[in-house]
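Each of the next two complexes has chain A plus one more chain, namely chain B in the first and chain C in the second.
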Partner chain A sequence: MPDIVVCVKQTVDVYQLKPHPETLEPVFSQAQSKISDFDLNALEEALRIREKGGGRVSVVSAGPSINQLLIRETLAMGADEAHIISHPLLSTYDGRVTATVLSKLVEKAGRWDLILCGEASLDNSDYQTGPRLAEIFGVPHLAYVTKLEISDGRLKAWKSMEDGLHVASCSMPAVVTVGLEINTPRLPSLLMIRAATKKPIHEYRLSDLGLTEEELNPSVTLRELKALKVERRRVKLEGKPEELAEKLADILVREALAR
Partner chain B sequence: METPFRETYALMPPGTDITMYIVLTPFAALFIYGIYRRLRFYGLETAWAEIFRDIPKRLSLMARYALLQRRVVEEKVAGLMHVMIYAGTIALFIGTALVFIDYDILRLLGGSLLRGDFYLVYEFSLDLLGLAFLAGLSILAYRRAVRREARLRPKLEYLLTVAGLLFIGVTGYVLEGLRLSINPRGWGGFSFVGYALSHQMAAIPGVDTRLLLYQSLWWSHALVAFAMVAMIPYSNMLHLFTTLANTYFATLRPATPGKMTTPFRLDEVDPSAEIKLGARKVSELSWRQRLGLDACTDCGRCEAACPAYAAGTPLSPRMVVQKLKSEMWSGGDRDWFEEGVLEEDEIWACTTCAACVEACPVLISPLEYILEARRALTLEGKLEKRKVAMLTNLARFQNPYGFPASERSSFLEELYSMGVKRADEVSEAEYLYWIGCASLYDSRSREIVRSMVKILMAAGVSFTVLGDDEICTGDPARRIGEEGRFQELALANIERLKKVKAGKILVHCPHCFNTFKNEYTDFGLEMEVVHHSQLIGMLLREGRLRLSRPLAERITFHDSCYIGRINNVVEEPRQVLSMASKDFVEMARRGRRSFCCGAGGSTYWYEVPRRERESVIRLEEAVKTGARTLVLECPYCLQMFNDAVRIKGMENTIQLRDISEIVAECL
Partner chain C sequence: MSLVIHGENPETIIRIAGAARRFFPDSPAQAVCLAPPGDEELRRLGGAGVETVHVLPENLTSQGPAVVVAALAMAVAKLGASTILLSATKYGREIGPRLAQRLGGSYATECIHVESVGEGLLVKRLVLGGAYQASLQLNARPYVIGVQAVADSAGGGAGIPRLERLDVDVDAPKIELLEVVKPEASHVDLERAEFIVGVGRGFKRREDLSMAEELARILGAELGCSRPVSGDLKWMSEDRHIGLSGKRVRPKTYLALGISGQIQHLVGIRDSKLIIAVNTDPNAPIMAESDYAVVGDIYKIVPPLIERLREKLGRR
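For the complex of A and B:
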C-alpha cells in the first residue's frame, strides 16, 4: 500500500499563447491556465497504483496564484487531498526554488513511499523538479518512465531513452518522473468535480512551511522571452514543369550550400 | 344426418381426461414458476404502480404494434411469415380453449358448445388456420435453411422451438386423419385437411394398429404441446407476452429517440451528493428497460438497419440487447465492461442515428441501453484521448473544436458587415439565427451561413444572432455521456436565450435543432425551433421567396438523422428541392429510413475502428442515382461526405451542397 505524493504545476496553456505582433513577447493574458499535461499523467499513474494496491494519493502544488478549481479537478480524478501554496514571489522561479517549496509541501502531506512528477512542465520544460526533489530527500530517482510496476516494495521502471529502452529498478521511497506515453489521464466529469468539494485542500503560508522570502529568490533569472519570427520567402517560379524543376533544384542547392 | 359434435377424448381409453390433467400439472407449475421468475427480474414492485396509468394511449400502442403488428408487416416476407404463424397460434389456442370450455365446464353442467353449425365452422376454421400456421413455419424454415438470411442467428433453442411447433401442427392433422379413418363421420369433410389425410391413413392395415398409432400420437401431441407451453417463460417464445407488455409501457420512454432522459438537474442537485449515472449492470437498468430486453425476439431488424454494423464496427444493436438479455436471464449481475458482457468499442461505435429504434417492431430502443452505458463509462472518466480532448475543449472553450473565441471573430465581423445584427442591438426580431459551432469555426460550413443570410435578407425576414454569446448547445457532451457538462452549457445558453426578444430559433445544424427542440424543454426553454429547410420551405410556399433560376442538373438528397427520422421533418426539404431542380431524384433509403453519415452521437469527435465508412457507403448510393449534386441539410453530414468524396476520388463526379446553398443559387 504505497502512499504517493504527486507534484502538479499550474501552467499557462502554451497552445493558446500568441506572440505580441510588435514586441514578440507571448501575451499571457489571452491564454488560460491548466495543469501541466505531464503532471496529469503522473497523477493518473498514482491513481492506477492505488487501484491495484491501495494507499493514499496526495497532490502538492506551488505557484504565484493557485486556482483551486484546477486543484479540485485533480481531486475529482481521484486524489485524496491537496496541499498548496500561493505566493506572489513564485511568479519567478527556478528548479531549485520549485523543488525546495514542493519538498516542504511533501512533508506536510505526511508519510510517503513514492513521489510522482511529470518529467518536465508544459511551459518551461526545465526537467529539474523531479531529480532535485530526489536529491533533497536523498532517495533514488527514475526519470522518463513510460511503464511502472511495483512488486515487493520495489519499483521497476521502463525508461524510453535515445539509445533504446532501459529497464531499471530501485527500492522505495523514490521519485519517479513520467512522460505522456505512460497512460491516458482520466477525465473527471463535471459532477465529479463538484463532488470533489468534499475533499480537503490544505493551503499554507510561507511561514507554515518554515520558509522565508529570501529562500524564494531564484538563482537563475529569465532575461527575455520572445517568439521566433518565421516568415516565408514567397518566391514564385514560373515556366514549364522541366524548367521549374531545374530552377527549384538550383535554389535548393544554393540554400543548402549557404548553410 | 346426426347433429355434428366434437368428439373429445374419442378413441382414447376411459380416464384419459383425468390422466391428462395429472400429467399437465408439472408443466403448468413450470410455466407459472417461469413467469413468476421473469416478473421478479423486472422488479414488479415498482412496475405495479405504473400498470393502471395512461391506459387508453397504452392500449392503443399495444393494439397497433403488438396485436396488429404494424411494423412487423412492413417487411413483406418476414411479415407474412409472422402473421401466419401468429394467426395460426391464436386460432389453435382459441380452439383448445373452446374444447376446455366445452368438455370440462359445459359438459359437467349438462350443456355443450361444440356442436351443430358452430362446430362445423370451428372445424373448418381450425383446419384453415392450421394450414396458415404450417405455411408460416415453412417460410421460417426457408428463410433460415435455404435463404440463410444473415440477420437470423442459428441457435439450438430456435431449432427446437420450430421443430416443436411443426410437430404440433402436423400431428394435429394426422390425428384428425386417423380418427376419421377409424371412425368416419358424415361431417368429416369440414375438417378438410384431416379428411383428405383419412384416405391415406385408411391404407394402414388393421384398425387396431391405427388405434394404437392414434393413442400414442395423441399423447405425444399433448406432451409436446405441454412442454412448449411450459418452455414459454424460459425461451424466446416469451415474446408472446413481453411484446404486449413492452408496447403497452412504451409511453414511459422519452417521446422521441432524440430526447435523452434528464437524470438530475445540475442547478438543483446537491453538489456533494453521491453520484450514480447510467448503467453498467442489469440491476442499474429501470424495470421498463429490463422488460424491454425480454421483448427482444432476436429478429435482427435493428442490426440490418444499423449504419455502424454495416460499416463493420463491433456494434450490432441486436447483440447489445441480446447480450444484456442473456446476462439478465443468467440471473447474475456482473459489471458489463469488467466481465466482458459488452465491449466498450461497441458502445462507442453508435452514431445515435436511431435507425434501430425505428426498425424495432416491438418498440425496443437499443439506443437507450447504449446511451445508459456511455453515461456510466464517462462518469468513470477512463476515456481515450480524442474523447477527453473533445470534452476538455467543451469545458475550456465551450466548443468541441477547442478554438478560442477569437477564431470566429473575423467571421462574425463579416456577418455584421453583411448587415446582420446582434440580438442586443435590436429591440425585437422574428428569429434568432443560431449559427452553431460547426459553422462558426469550419470554413466550409460557414458557406451555409452566408447562403442563409442571403436568403433571409432576400425574403425580408427579421433575424438576429447571438454573436460572441453563442456557445455549444452541449449535444456532443450529452451524447458521449457527460450529462453534467451538457447541463452546464445548456443552462448557460438558456439564460441567454431567455433574454433574447425573438419568438423562434432558426437553426441549420440538426444536432442543435434537436437539442433545442427536445432537450432544452426539460430545463425550461420554450421557444419554437425551426430548421432552415423548414423555414425555406415556408418562405417559398408563402411566396416571400422566389426561385427565378431553378437548376437543370440532377440532384439527390440525404436526410440527416436528427431532422428526418428523429424529428420527422421529411417533406419540407423535398418540396424545396423539387422547386429548385427539375431533376430531383431519390435514393432508395430516404426519409425516416435514411442511412447515417457516421458523424452522429459524438462519433464525429473520435475514431471508431471500422471496415468501411458509413459516409462512403452512403455516397455510393447517392452516386448511383446519377445525381451530379448531393444535397445535405447538416454541416456535419457535409464534412463527412467531404471526406468520403476525397477518399473515393469523386471530386469530379459529385458535388456536395447544403440545401441553403442550392436555394441561394436559384434566387
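For the complex of A and C:
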C-alpha cells in the first residue's frame, strides 16, 4: 500500500502562446494555463498503483498563482487531496527554489513511499524537479520511466535511454519521473468531477512551511526572453502525385545532393 | 575559471570540451570519466583542450545517478572547479540537477551558449516548447551546466592529457541495473548526419517504413522520427527520436514525411539548412517552417519519387 505524492506544475499552454510582433516576447496574458502534460502521466500512474495496491495519492503544487480549478481537475481524476502554495517568488527559473518549496509540501502531505513527477515541464523543460527532490530526501531516483511495477516493496522500472531500455530496480522511498509514453491519462467523468468538490485542497503560506522569502532568493534569474525566428522559403508545391514526385526529385538532386 | 567536464562516455566529453573551448578559450579544462578512455580517445580529448583526465572507480553508473553524483561532488571538491559542464543527454539531465542540488550551486541545461558576465554566468537555452530563447543569469557557484553540444568544434589543443585515478569512496542511495535491452542494431549519430529523412505518424503501419528506408538508402540519408514513432509505436529506436525530448539535429537537408511539425519536433530540426515537408494537410505547422512544402500523400508520392531518383542518380 504505497502512499504516493505527485508533483504537478501549472504552466502556460505553450501551444497557445504567440510572440508580440515587435518585442518578440511571449504574450502570456493571451494563453491559458494548464497542468503540464507529463505531470498528468505521473498522476495517472499513481492512480493505477493505488487501484492495484491501495494507499493514498496526494498532489502537491507550487507556483506564482495556482488556479484551484486546475487542482480540482487532478482531484477529479482521482487524487485524494492536494497541498498547494502560491507566492510571487515562485515564478522563477530556479529549480532549487521550486524543489525546496515542493519538498516542504511533500512533508505536509505526510508519510510517503513514492514521489512521482513528470520528467520535465511543458514550459521550461528543465528535467530538474524530480532529481532535486531525490537529492533533498536522500532517496534513489528512476528517470524516463515508461513502465513501472511494484512488488515486495521494491520498484522495477523500464527507463527509456538513448541506447535502449534500462531495466532497473530500487527500494522505496524513491522518486520516479515519467514521460508521455507510460500511460494515457484518464479524463474525469462528470461523477468524478462532482465527487472532487468535497476533497480537500490545503493552501499554505510560506511561513506555514517554515520558509522565509530569503530562502527563495533565486540562483538563476531571467534576463531576456524572445521568440526565435527562422525564415524559410515556404515554397508550396501542389498537384498530381506523379508531378510532385518529379518536382521533388529535381529539388533533391539540385539542392540537397549537389556538393 | 576552472572547468570540469563530465559525460557518459569519452565521445560526449570530447564534444563538450570542444564547445567549452569556444565559450572559455582561456580556461583550463579537466575531464572526469567513468572509465579509462582508449589511446585514440585520449588523443582527441587532448585535441579538444583537456589537460587532465580523471577516472572514477568502475561500475558507478550501474548503481544509479545518486552514486555518480556523490562521486562527482567529491571530484569537484578535490579539483576545486567553479564550473561543471555536462552533456545535455538523458544521462546528463539525470546527473546535473542532483549535482547542483548537492553542491548548492546554480543549474541550467540544454544550453546553446555560455559566457562569463561580471559576477556570474550567462547561458542561453530554448524554452516554451523550443519556440523562445531565454537568457539566464546563474548567480550561485558552482555553476552546473548541461551543454547542447551538437557537433565537433575546433579543437586547437595539443598534447596527450595526463591520466589520473580518482579514488572516491561514496555512500549514496543505489539503484540496481538489471538489464539493458538494446534496440535492434541502430547506433546512429543523427547529430552529425548531413541528410535526414524524418518519419511521422503519417505512416499507417510499421511495414510502410520500408518505403522511407528505401528512400533514405537512395539519398544516402539517415532515418529519424517524431516522438510518437519511437515512443508510443516503438517502430524506431529511441536514438532516432528528434525534438525537444530527443535529438537536436543540423543536417544540410531534412525531409519530413507525414510529420505535423508540433513545436516540440520543430525545435529539433531548426538548425537544418534546408527543410522539405510532405504532408496531406497544407495547414500542418511543418508547412510554414519548410523551404519546400509538398502538399500530398506520402503513399502516392514516395514510390514514384524513389523511381525518379533511381533514374536521375543512376542508383538502384
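Assume the second predicted complex is superposed on the first by the 228 of 259 C-alpha atoms of A that agree within 3 Å, B and C clash if a C-alpha of one lies under 4 Å from a C-alpha of the other, contacts with A are read in each partner's own complex, and residues count from 1 in each chain.
Everything below uses one rule, namely that a contact is a pair of C-beta atoms (placed from the backbone, for glycine too) under 8 Å apart; a residue touches a chain by one contact, two chains touch by 3 or more.
As the structure is a computational prediction, the values presented were derived from the model and not from experiment.
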item: Touching partner for A:M77 - first (chain B), second (chain C), both, neither; value: first
item: Partner chain in contact with A:Q32 - chain B first, chain C second, else both or neither; value: first
item: Which superposed partner A:M1 touches (first chain B, second chain C, both, neither); value: neither
item: Chain B versus chain C as contact partner of A:L257, first or second or both or neither; value: second
item: If touched residues of chain A are counted for chain B and for chain C, the larger one; value: C
item: Partner chain in contact with A:K198 - chain B first, chain C second, else both or neither; value: first
item: Touched partner set for A:L190, first chain B, second chain C, both or neither; value: first
item: Touched partner set for A:K226, first chain B, second chain C, both or neither; value: second
item: Set of chain A residues, in rising order, touched by both chain B and chain C; value: none
item: Interface residues, chain A side, partner chain C - complex; value: 12, 14-15, 17, 19, 26, 93-96, 99, 119-120, 122-132, 134-136, 138-144, 146, 156, 160-170, 174, 179-181, 218-228, 230, 232-239, 241-242, 244-253, 255-257
item: Residue numbers on chain B that touch chain A, as the complex places them; value: 266, 269, 271-275, 277, 378-385, 387-388, 391-392, 395-396, 404, 406, 482-485, 487-488
item: Chain C - residues contacting chain A, complex; value: 64-66, 69, 89-91, 93-98, 100-102, 105-110, 122, 126-140, 173-183, 187, 195, 219-220, 227, 231-232, 237-239, 244-245, 252-253, 255, 262-263, 270, 274-276, 278, 282, 287-297, 300-305, 307-309, 312-313
item: In the complex, chain A residues that touch chain B; value: 13, 16, 30, 32, 34, 77, 184-195, 197-198
